[in-house]
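These notes open a run of structures that come right after.
In the two complexes that follow, subunit A is the common piece, with subunit B as its partner first and subunit C second.
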Partner chain A sequence: MSEKDLQKTENTAVTEKIRNVKIFVPHVDIYETRDALFLIADMPGVDDKSVDVEMEKNILTISGRVENGRVKDYSLVFSEYEVGDYERTFTLSNEIDREKIRATVKQGVLRLELPKAEKEKPKKIAINAA
Partner chain B sequence: MKVRNLLPDTVRKQTTEIDHPFYSLQREMNSLFDNFFRGFNVVPQGFAAGMGSFTPSVDVKENEKEVIIKAELPGVEEKDIDVTVTNDSVTIKGEKKEEKEDKEKNFYYMERSYGSFCRVIPLETEIETDKAQASFKNGILDIKIPKNQKAKEKGTKVSIKTS
Partner chain C sequence: MFGPGIWRVKRFADSVPEIMDLQREINRLFSNVGQNTALDYPAINVWEKDDSLVVTMEWPGMEPENINISVTGATLTISGAAKADSLKEGEIYLRQERALGNFQRNFQLPFQVDSKKVEAKYEKGILNIILPRLKEDLPKKIKINS
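After this line comes the complex of A and B, so read on.
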(Lines of atoms letter the chains of each structure in order from A and count residues from 1; the text may use other names and numbers.)
(Lines give C-alpha, C1' and ligand atoms only; values in the text may rest on other atoms or scores of the structure.)
Protein backbone atom coordinates (compact mmCIF):
# COMPACT_ATOMS: atom_id res chain seq x y z
CA MET A 1 0.00 0.00 0.00
CA SER A 2 1.34 3.41 -0.84
CA GLU A 3 0.30 7.03 -0.65
CA LYS A 4 -1.05 7.03 -4.16
CA ASP A 5 -3.97 4.86 -3.13
CA LEU A 6 -7.29 6.33 -4.05
CA GLN A 7 -9.22 6.90 -0.91
CA LYS A 8 -12.75 8.02 -0.64
CA THR A 9 -13.28 11.41 0.87
CA GLU A 10 -15.99 11.61 3.42
CA ASN A 11 -18.51 14.38 3.03
CA THR A 12 -18.80 16.00 6.40
CA ALA A 13 -20.62 19.09 5.22
CA VAL A 14 -23.99 17.48 4.57
CA THR A 15 -26.86 17.92 6.95
CA GLU A 16 -27.90 15.35 9.51
CA LYS A 17 -28.81 12.10 7.89
CA ILE A 18 -31.31 9.40 8.70
CA ARG A 19 -29.50 6.39 7.37
CA ASN A 20 -26.62 5.45 9.58
CA VAL A 21 -24.02 5.30 6.86
CA LYS A 22 -21.14 7.47 5.85
CA ILE A 23 -21.50 9.69 2.83
CA PHE A 24 -18.61 9.99 0.45
CA VAL A 25 -17.79 12.51 -2.22
CA PRO A 26 -17.42 10.71 -5.54
CA HIS A 27 -14.47 11.61 -7.73
CA VAL A 28 -15.65 13.28 -10.90
CA ASP A 29 -14.46 14.36 -14.29
CA ILE A 30 -16.33 17.27 -15.80
CA TYR A 31 -15.70 18.43 -19.30
CA GLU A 32 -17.38 20.60 -21.82
CA THR A 33 -17.77 20.18 -25.51
CA ARG A 34 -19.42 22.55 -27.91
CA ASP A 35 -22.89 21.11 -27.38
CA ALA A 36 -22.90 19.67 -23.92
CA LEU A 37 -21.41 19.34 -20.51
CA PHE A 38 -20.34 15.88 -19.40
CA LEU A 39 -20.05 14.71 -15.84
CA ILE A 40 -18.54 11.33 -15.03
CA ALA A 41 -18.50 10.13 -11.44
CA ASP A 42 -16.83 7.08 -9.92
CA MET A 43 -19.34 5.51 -7.58
CA PRO A 44 -18.35 1.88 -7.07
CA GLY A 45 -21.20 -0.24 -5.75
CA VAL A 46 -24.15 1.66 -7.18
CA ASP A 47 -26.40 0.56 -10.01
CA ASP A 48 -28.95 2.33 -12.18
CA LYS A 49 -31.67 1.94 -9.55
CA SER A 50 -29.76 3.39 -6.64
CA VAL A 51 -28.53 6.55 -8.31
CA ASP A 52 -30.42 9.83 -8.13
CA VAL A 53 -29.77 12.88 -10.24
CA GLU A 54 -31.62 16.03 -9.33
CA MET A 55 -31.54 19.44 -10.81
CA GLU A 56 -33.05 22.46 -9.18
CA LYS A 57 -32.46 25.75 -10.95
CA ASN A 58 -28.74 25.54 -11.55
CA ILE A 59 -27.92 23.22 -8.65
CA LEU A 60 -27.16 19.68 -9.72
CA THR A 61 -27.10 16.97 -7.08
CA ILE A 62 -25.95 13.44 -7.70
CA SER A 63 -26.41 10.82 -5.04
CA GLY A 64 -26.10 7.07 -4.85
CA ARG A 65 -26.99 4.46 -2.29
CA VAL A 66 -24.88 1.40 -1.74
CA GLU A 67 -26.91 -1.50 -0.41
CA ASN A 68 -25.64 -4.80 0.89
CA GLY A 69 -22.08 -3.64 0.72
CA ARG A 70 -21.24 -4.80 4.19
CA VAL A 71 -20.23 -8.34 4.94
CA LYS A 72 -21.29 -9.58 8.34
CA ASP A 73 -19.67 -12.16 10.60
CA TYR A 74 -16.25 -11.74 9.09
CA SER A 75 -13.23 -10.29 10.76
CA LEU A 76 -11.35 -7.63 8.90
CA VAL A 77 -7.84 -8.50 7.76
CA PHE A 78 -7.21 -5.16 6.20
CA SER A 79 -9.34 -2.33 5.04
CA GLU A 80 -8.72 0.47 2.61
CA TYR A 81 -12.19 1.61 1.86
CA GLU A 82 -15.45 1.93 3.65
CA VAL A 83 -18.90 1.20 2.38
CA GLY A 84 -21.18 4.19 2.23
CA ASP A 85 -23.41 6.35 0.13
CA TYR A 86 -22.33 9.05 -2.27
CA GLU A 87 -23.44 12.60 -2.63
CA ARG A 88 -22.12 15.67 -4.37
CA THR A 89 -23.60 18.96 -5.43
CA PHE A 90 -22.55 21.20 -8.29
CA THR A 91 -23.56 24.65 -9.37
CA LEU A 92 -23.82 24.92 -13.12
CA SER A 93 -23.10 28.12 -14.92
CA ASN A 94 -24.45 27.28 -18.35
CA GLU A 95 -28.11 27.03 -19.11
CA ILE A 96 -28.82 23.35 -19.46
CA ASP A 97 -31.58 21.89 -21.55
CA ARG A 98 -33.24 19.87 -18.82
CA GLU A 99 -35.43 17.83 -21.09
CA LYS A 100 -32.44 16.31 -22.78
CA ILE A 101 -30.32 15.33 -19.79
CA ARG A 102 -29.19 11.75 -20.12
CA ALA A 103 -27.76 9.59 -17.37
CA THR A 104 -26.27 6.14 -17.57
CA VAL A 105 -24.62 3.92 -14.98
CA LYS A 106 -22.12 1.29 -15.97
CA GLN A 107 -19.68 -0.65 -13.78
CA GLY A 108 -20.20 1.76 -10.92
CA VAL A 109 -19.59 4.85 -13.03
CA LEU A 110 -22.29 7.46 -13.49
CA ARG A 111 -22.18 9.30 -16.77
CA LEU A 112 -24.25 12.41 -17.23
CA GLU A 113 -24.75 14.28 -20.42
CA LEU A 114 -26.09 17.77 -19.92
CA PRO A 115 -26.84 19.33 -23.28
CA LYS A 116 -26.61 23.09 -23.44
CA ALA A 117 -29.73 25.05 -24.21
CA GLU A 118 -29.96 26.24 -27.79
CA LYS A 119 -29.45 29.88 -26.92
CA GLU A 120 -26.26 29.14 -25.01
CA LYS A 121 -24.52 27.39 -27.83
CA PRO A 122 -21.82 29.34 -29.54
CA LYS A 123 -23.00 30.64 -32.86
CA LYS A 124 -20.98 31.21 -35.89
CA ILE A 125 -21.86 34.35 -37.73
CA ALA A 126 -21.68 34.15 -41.43
CA ILE A 127 -19.85 36.98 -43.05
CA ASN A 128 -21.34 38.29 -46.22
CA ALA A 129 -19.02 39.44 -48.84
CA ALA A 130 -19.72 43.03 -49.63
CA MET B 1 0.05 -3.06 5.91
CA LYS B 2 3.81 -3.42 5.69
CA VAL B 3 4.35 -2.49 9.30
CA ARG B 4 1.53 -4.74 10.38
CA ASN B 5 3.09 -7.74 8.68
CA LEU B 6 6.10 -7.42 10.93
CA LEU B 7 3.98 -7.59 14.02
CA PRO B 8 3.40 -10.87 15.82
CA ASP B 9 0.11 -12.61 15.14
CA THR B 10 -1.49 -11.67 18.43
CA VAL B 11 -0.97 -7.97 17.86
CA ARG B 12 -2.29 -8.20 14.35
CA LYS B 13 -5.52 -9.82 15.44
CA GLN B 14 -6.23 -6.94 17.78
CA THR B 15 -5.96 -4.34 15.07
CA THR B 16 -8.76 -5.70 12.95
CA GLU B 17 -11.52 -3.39 14.07
CA ILE B 18 -12.97 -0.99 11.54
CA ASP B 19 -12.74 2.12 13.63
CA HIS B 20 -9.31 1.48 15.00
CA PRO B 21 -7.55 4.83 15.42
CA PHE B 22 -4.57 3.65 13.42
CA TYR B 23 -6.71 2.92 10.38
CA SER B 24 -8.56 6.17 10.51
CA LEU B 25 -5.31 8.08 10.88
CA GLN B 26 -3.87 6.25 7.90
CA ARG B 27 -6.97 6.98 5.89
CA GLU B 28 -6.82 10.64 6.82
CA MET B 29 -3.18 10.86 5.82
CA ASN B 30 -3.79 9.16 2.50
CA SER B 31 -6.68 11.40 1.60
CA LEU B 32 -4.61 14.42 2.63
CA PHE B 33 -1.91 13.46 0.14
CA ASP B 34 -4.48 12.67 -2.52
CA ASN B 35 -6.27 15.95 -2.12
CA PHE B 36 -3.01 17.85 -2.15
CA PHE B 37 -1.95 16.45 -5.50
CA ARG B 38 -5.44 16.69 -6.87
CA GLY B 39 -5.51 20.35 -5.91
CA PHE B 40 -3.13 21.30 -8.70
CA ASN B 41 -5.82 20.36 -11.17
CA VAL B 42 -3.37 19.32 -13.84
CA VAL B 43 -2.88 16.18 -15.83
CA PRO B 44 -0.05 14.34 -14.09
CA GLN B 45 3.05 13.92 -16.20
CA GLY B 46 6.48 12.42 -15.78
CA PHE B 47 7.31 11.89 -12.16
CA ALA B 48 3.91 12.95 -10.96
CA ALA B 49 2.21 10.47 -13.28
CA GLY B 50 2.76 7.72 -10.77
CA MET B 51 0.90 9.68 -8.16
CA GLY B 52 -2.20 9.99 -10.28
CA SER B 53 -2.40 6.52 -11.72
CA PHE B 54 -5.26 4.29 -10.75
CA THR B 55 -4.86 1.97 -7.78
CA PRO B 56 -7.90 0.07 -6.55
CA SER B 57 -8.80 0.13 -2.88
CA VAL B 58 -8.99 -3.36 -1.43
CA ASP B 59 -10.75 -4.80 1.61
CA VAL B 60 -9.89 -8.24 2.93
CA LYS B 61 -12.20 -10.08 5.31
CA GLU B 62 -12.13 -13.60 6.64
CA ASN B 63 -13.92 -16.08 8.84
CA GLU B 64 -12.97 -19.61 9.75
CA LYS B 65 -13.99 -21.05 6.40
CA GLU B 66 -13.15 -18.48 3.76
CA VAL B 67 -11.44 -15.29 2.75
CA ILE B 68 -13.33 -12.49 1.01
CA ILE B 69 -11.49 -9.89 -1.01
CA LYS B 70 -13.33 -6.86 -2.33
CA ALA B 71 -11.81 -4.31 -4.65
CA GLU B 72 -13.25 -1.08 -5.94
CA LEU B 73 -12.80 -0.96 -9.69
CA PRO B 74 -15.24 1.64 -11.00
CA GLY B 75 -15.31 1.90 -14.76
CA VAL B 76 -13.13 -1.12 -15.41
CA GLU B 77 -14.43 -3.63 -17.90
CA GLU B 78 -14.78 -7.20 -16.78
CA LYS B 79 -12.53 -8.43 -19.57
CA ASP B 80 -9.76 -6.08 -18.44
CA ILE B 81 -9.50 -7.66 -15.01
CA ASP B 82 -7.14 -10.52 -14.35
CA VAL B 83 -7.23 -12.36 -11.05
CA THR B 84 -4.50 -14.86 -10.19
CA VAL B 85 -4.50 -16.98 -7.06
CA THR B 86 -1.51 -18.74 -5.55
CA ASN B 87 -1.24 -20.63 -2.27
CA ASP B 88 -0.66 -17.59 -0.15
CA SER B 89 -1.46 -14.56 -2.27
CA VAL B 90 -4.00 -13.09 -4.65
CA THR B 91 -3.02 -10.83 -7.54
CA ILE B 92 -5.45 -8.42 -9.15
CA LYS B 93 -4.26 -6.98 -12.42
CA GLY B 94 -5.99 -4.85 -14.96
CA GLU B 95 -6.39 -1.61 -16.71
CA LYS B 96 -8.81 1.24 -16.36
CA LYS B 97 -9.13 2.67 -19.81
CA GLU B 98 -9.81 6.27 -20.54
CA GLU B 99 -12.56 6.86 -23.03
CA LYS B 100 -11.38 8.66 -26.07
CA GLU B 101 -14.47 9.35 -28.07
CA ASP B 102 -14.63 13.12 -27.85
CA LYS B 103 -11.73 15.06 -29.17
CA GLU B 104 -12.69 18.55 -28.18
CA LYS B 105 -12.78 18.45 -24.42
CA ASN B 106 -12.35 21.30 -22.03
CA PHE B 107 -11.86 19.88 -18.58
CA TYR B 108 -13.15 21.58 -15.48
CA TYR B 109 -12.58 18.72 -13.06
CA MET B 110 -10.24 15.81 -13.41
CA GLU B 111 -10.30 13.74 -10.27
CA ARG B 112 -10.72 10.27 -11.65
CA SER B 113 -7.61 8.40 -12.62
CA TYR B 114 -6.82 5.86 -15.26
CA GLY B 115 -4.11 3.42 -16.11
CA SER B 116 -3.03 -0.12 -15.47
CA PHE B 117 -2.81 -1.46 -11.97
CA CYS B 118 -1.48 -4.50 -10.20
CA ARG B 119 -2.00 -5.40 -6.60
CA VAL B 120 -0.67 -8.41 -4.79
CA ILE B 121 -2.54 -9.28 -1.61
CA PRO B 122 -0.63 -11.54 0.73
CA LEU B 123 -2.72 -13.97 2.78
CA GLU B 124 -1.87 -15.34 6.16
CA THR B 125 -3.61 -18.66 5.69
CA GLU B 126 -3.31 -21.27 3.02
CA ILE B 127 -6.20 -21.28 0.58
CA GLU B 128 -7.76 -23.70 -1.86
CA THR B 129 -6.74 -22.10 -5.12
CA ASP B 130 -8.95 -24.25 -7.34
CA LYS B 131 -12.11 -23.30 -5.46
CA ALA B 132 -11.72 -19.55 -5.77
CA GLN B 133 -14.72 -17.65 -7.09
CA ALA B 134 -14.81 -14.15 -8.45
CA SER B 135 -17.69 -11.90 -9.45
CA PHE B 136 -17.80 -8.37 -10.73
CA LYS B 137 -20.81 -6.14 -10.26
CA ASN B 138 -21.30 -2.39 -10.29
CA GLY B 139 -17.60 -1.75 -10.24
CA ILE B 140 -16.85 -3.95 -7.27
CA LEU B 141 -14.81 -7.10 -7.64
CA ASP B 142 -15.70 -9.80 -5.16
CA ILE B 143 -13.37 -12.75 -4.66
CA LYS B 144 -14.25 -15.64 -2.36
CA ILE B 145 -11.70 -18.29 -1.58
CA PRO B 146 -12.21 -21.16 0.87
CA LYS B 147 -9.41 -21.74 3.35
CA ASN B 148 -7.50 -24.96 3.20
CA GLN B 149 -8.87 -26.98 6.10
CA LYS B 150 -6.05 -29.52 5.94
CA ALA B 151 -3.42 -26.87 6.43
CA LYS B 152 -5.16 -25.83 9.57
CA GLU B 153 -4.97 -29.32 10.99
CA LYS B 154 -1.23 -29.59 10.46
CA GLY B 155 -0.51 -29.49 14.14
CA THR B 156 -1.19 -32.87 15.76
CA LYS B 157 -1.95 -33.01 19.40
CA VAL B 158 0.41 -35.18 21.41
CA SER B 159 -0.92 -36.79 24.51
CA ILE B 160 1.31 -36.71 27.53
CA LYS B 161 1.76 -39.92 29.40
CA THR B 162 2.20 -39.99 33.08
CA SER B 163 4.78 -42.47 34.19
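After this line comes the complex of A and C, so read on.
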Protein backbone atom coordinates (compact mmCIF):
# COMPACT_ATOMS: atom_id res chain seq x y z
CA MET A 1 0.00 0.00 0.00
CA SER A 2 1.39 3.38 -0.94
CA GLU A 3 1.77 6.10 1.64
CA LYS A 4 -1.04 8.19 0.34
CA ASP A 5 -3.58 5.40 0.69
CA LEU A 6 -3.63 5.84 4.45
CA GLN A 7 -5.56 9.04 4.03
CA LYS A 8 -9.20 9.23 3.14
CA THR A 9 -9.90 9.43 -0.56
CA GLU A 10 -12.92 11.02 -2.07
CA ASN A 11 -15.37 8.80 -3.90
CA THR A 12 -15.78 10.43 -7.29
CA ALA A 13 -17.59 7.54 -8.94
CA VAL A 14 -20.64 7.70 -6.73
CA THR A 15 -23.80 9.57 -7.74
CA GLU A 16 -23.99 12.98 -6.15
CA LYS A 17 -26.13 13.67 -3.15
CA ILE A 18 -28.62 16.51 -2.79
CA ARG A 19 -26.90 17.59 0.39
CA ASN A 20 -23.64 19.32 -0.36
CA VAL A 21 -21.26 16.92 1.36
CA LYS A 22 -18.15 15.10 0.26
CA ILE A 23 -18.32 11.37 -0.04
CA PHE A 24 -15.33 9.25 0.90
CA VAL A 25 -14.34 5.69 0.14
CA PRO A 26 -14.09 3.68 3.35
CA HIS A 27 -10.96 1.55 3.53
CA VAL A 28 -11.86 -2.10 3.84
CA ASP A 29 -10.31 -5.41 4.74
CA ILE A 30 -12.02 -8.46 3.30
CA TYR A 31 -11.25 -12.01 4.21
CA GLU A 32 -12.80 -15.28 3.35
CA THR A 33 -13.44 -18.31 5.47
CA ARG A 34 -15.03 -21.57 4.44
CA ASP A 35 -18.52 -20.42 5.42
CA ALA A 36 -18.50 -16.70 4.98
CA LEU A 37 -16.94 -13.50 3.76
CA PHE A 38 -15.97 -10.92 6.34
CA LEU A 39 -15.82 -7.26 5.43
CA ILE A 40 -14.40 -4.67 7.81
CA ALA A 41 -14.76 -1.03 6.84
CA ASP A 42 -13.21 2.02 8.50
CA MET A 43 -15.86 4.70 8.74
CA PRO A 44 -14.90 7.09 11.54
CA GLY A 45 -17.86 9.19 12.66
CA VAL A 46 -20.64 6.69 12.00
CA ASP A 47 -22.61 4.64 14.51
CA ASP A 48 -25.24 1.92 14.20
CA LYS A 49 -27.95 4.47 13.41
CA SER A 50 -26.17 6.23 10.59
CA VAL A 51 -24.85 3.28 8.60
CA ASP A 52 -26.66 1.46 5.81
CA VAL A 53 -25.95 -1.87 4.21
CA GLU A 54 -27.85 -2.84 1.10
CA MET A 55 -27.68 -5.93 -1.00
CA GLU A 56 -29.30 -6.07 -4.39
CA LYS A 57 -28.69 -9.18 -6.43
CA ASN A 58 -24.95 -9.51 -6.00
CA ILE A 59 -24.23 -5.80 -5.51
CA LEU A 60 -23.37 -4.83 -1.96
CA THR A 61 -23.48 -1.16 -1.03
CA ILE A 62 -22.29 0.20 2.28
CA SER A 63 -22.91 3.82 3.16
CA GLY A 64 -22.63 5.98 6.24
CA ARG A 65 -23.77 9.42 7.19
CA VAL A 66 -21.54 11.61 9.32
CA GLU A 67 -22.56 14.73 11.16
CA ASN A 68 -20.39 17.72 10.39
CA GLY A 69 -17.30 17.30 12.50
CA ARG A 70 -17.34 20.78 13.92
CA VAL A 71 -16.47 21.46 17.52
CA LYS A 72 -18.90 23.88 19.10
CA ASP A 73 -17.56 27.34 19.99
CA TYR A 74 -14.18 26.56 18.47
CA SER A 75 -12.75 27.58 15.13
CA LEU A 76 -10.67 25.33 12.91
CA VAL A 77 -7.03 26.38 12.73
CA PHE A 78 -5.31 23.35 11.20
CA SER A 79 -6.78 20.55 9.17
CA GLU A 80 -5.49 17.23 7.88
CA TYR A 81 -8.79 15.52 7.22
CA GLU A 82 -12.18 16.49 5.93
CA VAL A 83 -15.47 15.20 7.21
CA GLY A 84 -18.05 13.70 4.90
CA ASP A 85 -20.25 10.71 4.21
CA TYR A 86 -19.06 7.29 3.09
CA GLU A 87 -20.13 5.09 0.27
CA ARG A 88 -18.70 2.07 -1.48
CA THR A 89 -20.10 -0.64 -3.71
CA PHE A 90 -18.85 -4.16 -4.27
CA THR A 91 -19.83 -6.85 -6.70
CA LEU A 92 -19.79 -10.18 -4.93
CA SER A 93 -18.90 -13.26 -6.85
CA ASN A 94 -20.10 -15.75 -4.27
CA GLU A 95 -23.75 -16.42 -3.72
CA ILE A 96 -24.55 -14.89 -0.33
CA ASP A 97 -27.29 -15.99 2.01
CA ARG A 98 -28.78 -12.53 2.46
CA GLU A 99 -31.11 -13.57 5.28
CA LYS A 100 -28.15 -14.30 7.48
CA ILE A 101 -26.03 -11.22 6.86
CA ARG A 102 -24.90 -9.73 10.14
CA ALA A 103 -23.61 -6.23 10.64
CA THR A 104 -22.13 -4.52 13.67
CA VAL A 105 -20.65 -1.08 14.16
CA LYS A 106 -18.12 -0.34 16.85
CA GLN A 107 -15.97 2.76 17.21
CA GLY A 108 -16.46 3.79 13.61
CA VAL A 109 -15.73 0.36 12.18
CA LEU A 110 -18.40 -1.58 10.30
CA ARG A 111 -18.11 -5.35 10.40
CA LEU A 112 -20.11 -7.45 8.00
CA GLU A 113 -20.45 -11.18 8.03
CA LEU A 114 -21.74 -12.44 4.71
CA PRO A 115 -22.49 -16.14 4.99
CA LYS A 116 -22.22 -18.13 1.80
CA ALA A 117 -25.38 -19.76 0.56
CA GLU A 118 -25.64 -23.42 1.41
CA LYS A 119 -25.11 -24.65 -2.13
CA GLU A 120 -22.01 -22.55 -2.59
CA LYS A 121 -20.13 -24.04 0.30
CA PRO A 122 -17.37 -26.36 -0.76
CA LYS A 123 -18.33 -29.90 0.01
CA LYS A 124 -15.85 -32.45 0.95
CA ILE A 125 -16.37 -35.62 -0.97
CA ALA A 126 -15.50 -38.78 0.78
CA ILE A 127 -13.52 -41.18 -1.28
CA ASN A 128 -14.04 -44.81 -0.61
CA ALA A 129 -11.20 -47.16 -0.93
CA ALA A 130 -11.78 -49.55 -3.78
CA MET B 1 5.31 27.28 -3.91
CA PHE B 2 8.29 28.15 -1.68
CA GLY B 3 10.96 26.61 -3.87
CA PRO B 4 14.58 27.50 -3.15
CA GLY B 5 16.09 29.71 -5.81
CA ILE B 6 19.14 28.29 -7.60
CA TRP B 7 21.55 30.89 -6.24
CA ARG B 8 20.64 29.95 -2.73
CA VAL B 9 21.22 26.27 -3.35
CA LYS B 10 24.67 27.05 -4.70
CA ARG B 11 25.69 29.19 -1.85
CA PHE B 12 24.52 26.80 0.84
CA ALA B 13 25.29 23.57 -0.95
CA ASP B 14 25.98 21.77 2.33
CA SER B 15 22.61 22.53 3.73
CA VAL B 16 20.57 21.57 0.69
CA PRO B 17 18.95 18.56 2.36
CA GLU B 18 17.90 20.70 5.29
CA ILE B 19 16.59 23.37 2.98
CA MET B 20 14.60 20.82 1.03
CA ASP B 21 13.17 19.42 4.25
CA LEU B 22 12.24 22.86 5.40
CA GLN B 23 10.70 23.62 2.03
CA ARG B 24 8.63 20.45 2.15
CA GLU B 25 7.53 21.23 5.68
CA ILE B 26 6.55 24.78 4.77
CA ASN B 27 4.65 23.63 1.70
CA ARG B 28 2.86 21.08 3.81
CA LEU B 29 1.89 23.70 6.36
CA PHE B 30 0.61 26.13 3.78
CA SER B 31 -1.27 23.78 1.54
CA ASN B 32 -4.51 22.20 2.59
CA VAL B 33 -4.80 19.94 -0.43
CA GLY B 34 -4.13 16.32 0.48
CA GLN B 35 -0.36 16.17 0.48
CA ASN B 36 -0.24 14.09 3.61
CA THR B 37 2.09 11.16 4.00
CA ALA B 38 2.00 7.98 6.03
CA LEU B 39 3.67 9.87 8.85
CA ASP B 40 0.51 11.87 9.17
CA TYR B 41 -1.68 8.91 10.06
CA PRO B 42 -3.99 9.13 11.96
CA ALA B 43 -5.02 12.54 10.65
CA ILE B 44 -5.92 15.38 13.02
CA ASN B 45 -7.85 18.60 12.98
CA VAL B 46 -7.03 21.37 15.44
CA TRP B 47 -9.63 23.75 16.82
CA GLU B 48 -8.97 26.89 18.79
CA LYS B 49 -10.66 29.09 21.35
CA ASP B 50 -9.16 31.84 23.52
CA ASP B 51 -8.05 29.63 26.37
CA SER B 52 -7.89 26.15 24.90
CA LEU B 53 -7.33 23.93 21.90
CA VAL B 54 -9.26 20.89 20.76
CA VAL B 55 -7.52 18.18 18.78
CA THR B 56 -9.75 15.72 16.94
CA MET B 57 -8.31 12.60 15.35
CA GLU B 58 -9.97 10.04 13.10
CA TRP B 59 -8.75 6.72 14.38
CA PRO B 60 -11.41 4.08 13.88
CA GLY B 61 -11.60 0.71 15.57
CA MET B 62 -9.38 1.32 18.58
CA GLU B 63 -9.93 0.30 22.16
CA PRO B 64 -9.74 3.41 24.38
CA GLU B 65 -7.25 1.69 26.68
CA ASN B 66 -4.91 1.11 23.75
CA ILE B 67 -4.56 4.80 23.01
CA ASN B 68 -1.84 6.66 24.86
CA ILE B 69 -1.99 10.39 25.16
CA SER B 70 0.66 12.40 26.93
CA VAL B 71 1.29 16.09 27.30
CA THR B 72 4.58 17.62 28.41
CA GLY B 73 4.72 21.38 28.41
CA ALA B 74 3.76 22.28 24.88
CA THR B 75 4.18 18.86 23.28
CA LEU B 76 1.33 16.46 22.67
CA THR B 77 2.04 12.81 21.91
CA ILE B 78 -0.57 10.33 20.76
CA SER B 79 0.33 6.71 20.17
CA GLY B 80 -1.25 3.30 19.98
CA ALA B 81 -1.50 0.07 18.10
CA ALA B 82 -4.35 -1.06 15.87
CA LYS B 83 -4.73 -4.82 15.66
CA ALA B 84 -5.97 -6.97 12.80
CA ASP B 85 -8.36 -9.90 13.14
CA SER B 86 -6.45 -13.07 13.69
CA LEU B 87 -7.11 -15.47 10.88
CA LYS B 88 -7.30 -19.21 11.17
CA GLU B 89 -5.40 -21.51 8.92
CA GLY B 90 -6.66 -21.52 5.38
CA GLU B 91 -8.33 -18.13 5.67
CA ILE B 92 -6.93 -15.44 3.46
CA TYR B 93 -7.23 -11.71 3.04
CA LEU B 94 -8.71 -10.72 -0.29
CA ARG B 95 -8.17 -7.04 0.44
CA GLN B 96 -6.20 -5.20 3.06
CA GLU B 97 -6.51 -1.45 2.97
CA ARG B 98 -6.97 -0.48 6.58
CA ALA B 99 -4.06 1.00 8.45
CA LEU B 100 -2.98 -1.40 11.17
CA GLY B 101 0.06 -1.53 13.37
CA ASN B 102 1.82 0.94 15.64
CA PHE B 103 1.41 4.64 15.21
CA GLN B 104 2.81 7.61 17.02
CA ARG B 105 2.40 11.29 16.40
CA ASN B 106 3.95 14.29 18.15
CA PHE B 107 2.62 17.79 17.97
CA GLN B 108 4.14 21.06 18.99
CA LEU B 109 1.42 23.16 20.55
CA PRO B 110 1.41 26.95 20.46
CA PHE B 111 1.27 27.25 24.26
CA GLN B 112 1.96 25.49 27.56
CA VAL B 113 -0.85 23.15 28.48
CA ASP B 114 -2.31 22.63 31.92
CA SER B 115 -1.73 18.88 31.78
CA LYS B 116 -3.91 18.22 34.84
CA LYS B 117 -6.96 19.58 33.07
CA VAL B 118 -6.57 17.77 29.76
CA GLU B 119 -9.66 15.78 28.86
CA ALA B 120 -10.00 13.12 26.19
CA LYS B 121 -12.87 11.07 24.91
CA TYR B 122 -13.21 8.50 22.17
CA GLU B 123 -16.49 8.10 20.31
CA LYS B 124 -17.43 6.60 16.96
CA GLY B 125 -13.78 6.16 16.12
CA ILE B 126 -12.94 9.80 16.68
CA LEU B 127 -10.60 10.90 19.42
CA ASN B 128 -11.30 14.26 20.96
CA ILE B 129 -8.76 15.94 23.23
CA ILE B 130 -9.34 19.23 25.02
CA LEU B 131 -6.13 21.04 25.92
CA PRO B 132 -6.57 24.03 28.25
CA ARG B 133 -3.88 26.65 28.28
CA LEU B 134 -1.84 27.05 31.44
CA LYS B 135 -3.14 29.99 33.49
CA GLU B 136 0.31 31.54 33.88
CA ASP B 137 0.74 31.37 30.14
CA LEU B 138 -2.41 33.27 29.26
CA PRO B 139 -1.86 36.69 27.73
CA LYS B 140 -2.19 39.43 30.34
CA LYS B 141 -3.85 42.70 29.72
CA ILE B 142 -1.50 45.54 30.54
CA LYS B 143 -2.99 48.58 32.11
CA ILE B 144 -1.69 51.87 30.81
CA ASN B 145 -1.22 54.55 33.40
CA SER B 146 -1.97 58.03 32.31
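Throughout what follows, the second predicted complex is superposed on the first by the 120 of 130 C-alpha atoms of A that agree within 3 Å, B and C clash if a C-alpha of one lies under 4 Å from a C-alpha of the other, contacts with A are read in each partner's own complex, and residues count from 1 in each chain.
As a working rule, a contact is a pair of C-beta atoms (placed from the backbone, for glycine too) under 8 Å apart; a residue touches a chain by one contact, two chains touch by 3 or more.
Because the structure is predicted, anything quoted here is derived from the model rather than measured.
Once both complexes are superposed on subunit A, the partners subunit B and subunit C clash.
Applying the stated contact rule after C-alpha superposition, one finds that A:Asn128 touches neither subunit B nor subunit C. After overlaying the two complexes on the shared chain, residue contacts for A:Ser79 are found with subunit B and with subunit C alike. Of the two partner chains placed by superposition, subunit B and subunit C are both touched by A:Arg34.
In the superposed pair of complexes, A:Thr91 makes contact with neither subunit B nor subunit C. Put simply, subunit A uses residues 1, 3-8, 27-34, 38, 40, 42-47, 69, 71, 73-81, 106-109 to touch subunit B in one complex and subunit C in the other.
Across the complex, subunit A is touched by residues 32, 34, 36-38, 40-41, 43-49, 54, 56, 58-63, 84-85, 87-88, 90-99, 122-126, 128 of subunit C. Against subunit A, in their complex, subunit B makes its touches with residues 1-2, 4, 16-18, 23, 27, 29-31, 33-35, 50-63, 67-68, 70, 72-78, 102, 104-113, 123-124, 136-140.
The touching residues of subunit A, when paired with subunit B in their complex, are 1-9, 27-34, 38, 40, 42-47, 69, 71, 73-82, 105-109.
On the side of subunit A, the complex with subunit C involves touching residues 1, 3-8, 27-34, 37-38, 40, 42-47, 69, 71, 73-81, 106-109.
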